[in-house]
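Okay, so subunit A shows up in both of these, paired with subunit B first and subunit C after.
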Partner chain A sequence: MTPAHFAFSSAFMLGLAGLAFHRTHFLSALLCLEGLMLSLFIALSLWALQFDTMNSAALPMILLAFSACEAGAGLALLVATTRTHSNNRLQNLSLLQC
Partner chain B sequence: MAPFVYSTLIISLGLGTAMTFASTHWYLAWMGIEINTLAIIPLMTQNHNPRAIEATTKYFFAQATASATLLFAAVSNAFLTGGWDILQINHPLTSTLTTLALAMKIGLAPLHSWMPEVMQGLSLLTGLILSTWQKLAPFCLIYQIQPDNPNVFITLGLLSVIVGGWGGFNQVQLRKILAYSSIAHLGWMILILPFSPPLTLLTLFTYLMMTFSLFSSFMLVRTTHINSLSISWAKIPTLTASVPLILLSLGGLPPLTGFLPKWLILQELTKQDLAPIATLAALSSLFSLYFYLRLSYTMTLTMPPNNPAGTLPWRLNPQHNTLPLALTTTTTIFLLPATPTILALFTF
Partner chain C sequence: MSYLMYILLFGLVLGLVAVASNPSPYFAALGLVVVAGVGCGVLVGSGGCFLSLILFLIYLGGMLVVFAYSAAMAAEPFPEGWGSWPTLRLMVGYVAGVGVAWGLMGKFWYEEDWLGFDGVVELSVLRGDVGGVSLMYSSGGWLLIGGGWVLLLTLFVVLELTRGLSRGALRAV
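This part shows the complex of A and B:
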């Protein structure tokens, strides 16, 4: 395992742990998702730099575009949830359990 | 929803799956899955009620986490082995991580808990898309990873069969029952995947047929609760007669199509000297059979008090297009005699 691999792996794992264990607010979950995506961005950039291939130089940019779309969808859902459930605590999402 | 927006979303849904099917590069496959997820979110929220929003939120978080993990596994694989090819995922760590991410995408047992709740909040049509079309792209990827060690697949598969049977036990909501039945069927598919991939495809095919016909029948009688099944005879008597057969086919009873995959899977597992696992899977599917039987009992064998005017609707023509339902119902019920042909088709 190279230092670069270790760095982005630990960033990803920290983001995943945050998403899994810190479950109070919707926004913090979205931020953790964004953290996951940014660690992947670093990983793809490092890959492109390390191997100097033109093909993979575009991958980080495409990843950023997708993660922006995903963050947009997440924020839209944040607004929708706030309107229907009156606040943004994840605790409140309990209508469907039975 | 405006027709233009709706058609764009439907086309993107198709595009995502097609991209994943056509790709050999992990990144392209991931892009396809991501497009798929982003395209179904507006379709889920089109009925703007709290339950739909909540279901969409849960779906979004589960899918976003799973797809991030999938890409992480692909990048790690690229760093460790130097290749982006889907078939080339050899490192044990990354192949396990990929399997788990894809299992979360399709809702296999230890990672299934989003599935029943999401299904409960959606309309039946969106639920149908979720449990059939949305499974295809991740399944195409999971089909292409073939690890040396089958234990992960066996564990996932057995747990799914058990949880799918156990979870639906005490449910009265049809959509939750359907979600648990989907988990159990996916468990059967994953269980056989390391030993005989063509059987997985065959199981997937029969599962798609059975689920499509069951969902369309419920759409036709417009019911989402087990109580309202018992008045479906007043709406469409023929369907009331055939839905129990569809349900028993899902449960896997012999003269119906659902028996075909279960039979072949049990045979293959026994051939591989895995008789205890085959026994456990067969016994766990009895739980599923129990709740299918309860649905068929409520639908055909109970007759609630009804006034003569209430029995009128069966004389009217249904407004839906019933041709797909007729085709898939026939497939669901009568395909068992064609077993050799189907096997020849899938084992190429």
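This part shows the complex of A and C:
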């Protein structure tokens, strides 16, 4: 395990822990998801770069496209939540009424 | 070069700690910007200049601007930075967790050279990752079409979600 592997693995686990515990705002949870996707982007890029596999250098691009889809859907949910509940605190989502 | 890479990797982990320790969304977006910038440095140091450029222009310039703009919907009168006590406690906890993992994994490490793609080829016009990304347009064309299809589908998902309360995917019951 090289230091780069340790760095992006611990970054992924930190993002996952931050998503799972102690979220107050919905936007904070989305930012933690973005941190997860960013660490996965760096992981795929370093995998392609350090093993000299030229064919898999296109994988981070596809991952970035899917990450854009995830960010778009998440921010649309954020806008919808802000419209119905007037703020984006996650405690309001358990009220089950608009 | 190696010391610079260590500093960049340390900044990567510390930036994710700053995002994960539940500050206000303004500060979390700032932490994610720092993580993206440091990640660009990591990719440059490993030899992937084109992937680093993609990360800088597309991710940092396109997506994170949208996130920073959306932080206006999470406005609160007393934003909570990293200096407040619950956030600081979480930060200390996460740093301690990473330190424990470092101590456990430290004896399995091996040092590597930081030369990645084309590390010994000097003055080459075409880097390896440029050639690899350009393969997406030739033999990976179906993957490209699939990615474009997914992006088009996401456009309609976003339009249906933000249509309003009377019609669309989200309705008032």
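Criterion: the second predicted complex is superposed on the first by the 94 of 98 C-alpha atoms of A that agree within 3 Å, B and C clash if a C-alpha of one lies under 4 Å from a C-alpha of the other, contacts with A are read in each partner's own complex, and residues count from 1 in each chain.
To be clear about the criterion, contacts are C-beta pairs under 8 Å (C-beta built on N, C-alpha and C of every residue); 3 or more make two chains touch, one makes a residue touch a chain.
Here the structure is a predicted model, which means the values were calculated and not measured.
In the superposition on chain A, A:Leu33 makes contact with subunit B only, while subunit C stays out of contact range. Of the two partner chains, subunit B and subunit C are each touched by A:Thr84. In the superposed pair of complexes, A:Leu64 makes contact with subunit C only, with no contact to subunit B.
Of the two partner chains placed by superposition, only subunit B is touched by A:Leu93; subunit C is not.
Within the superposed three-chain model, A:Ser10 lies in touch with subunit C and out of touch with subunit B [touch as defined at top]. When both complexes are overlaid on chain A, the residue A:Arg23 reaches subunit C alone and has no touch with subunit B.
Here subunit B and subunit C are compared by how many residues of subunit A each touches, and C touches more.
Touched by subunit B in one complex and by subunit C in the other are residues 1-2, 4, 8, 19, 26, 39, 62, 66, 69, 73, 77, 80, 84, 98 of subunit A.
Of all residues in subunit B, those touching subunit A in their complex are 27, 31, 34, 38, 41, 45, 48-51, 53-58, 60-61, 64-65, 68-69, 71-72, 75-76, 78-80, 117-118, 120-121, 173, 176. Here subunit A touches subunit C in the complex through residues 1-4, 6-8, 10-11, 14-15, 17-19, 22-28, 30-32, 34-35, 38-39, 41-42, 45-46, 48-50, 52-58, 60-62, 64-69, 71-73, 75-80, 82-84, 87-88, 98, going by the rule given at the top. Subunit C contributes residues 5-6, 9-10, 12-13, 16-17, 19-25, 28-29, 32, 35-36, 39, 42-43, 46-48, 51, 54-55, 58-59, 62-64, 66-67, 70-71, 73-74, 90, 94, 97-98, 101-102, 105, 108-112, 116-117, 128-129, 131-133, 135-136, 140, 143, 147, 150-151, 153-155, 157-158, 161-162, 164-165, 170, 172-173 to its touches with subunit A in the complex. Contact residues on subunit A toward subunit B in their complex (touch as defined above): 1-2, 4-5, 8-9, 12, 16, 19, 26, 29, 33, 36-37, 39-40, 43-44, 47, 59, 62-63, 66, 69-70, 73-74, 77, 80-81, 84-85, 93, 95-98.
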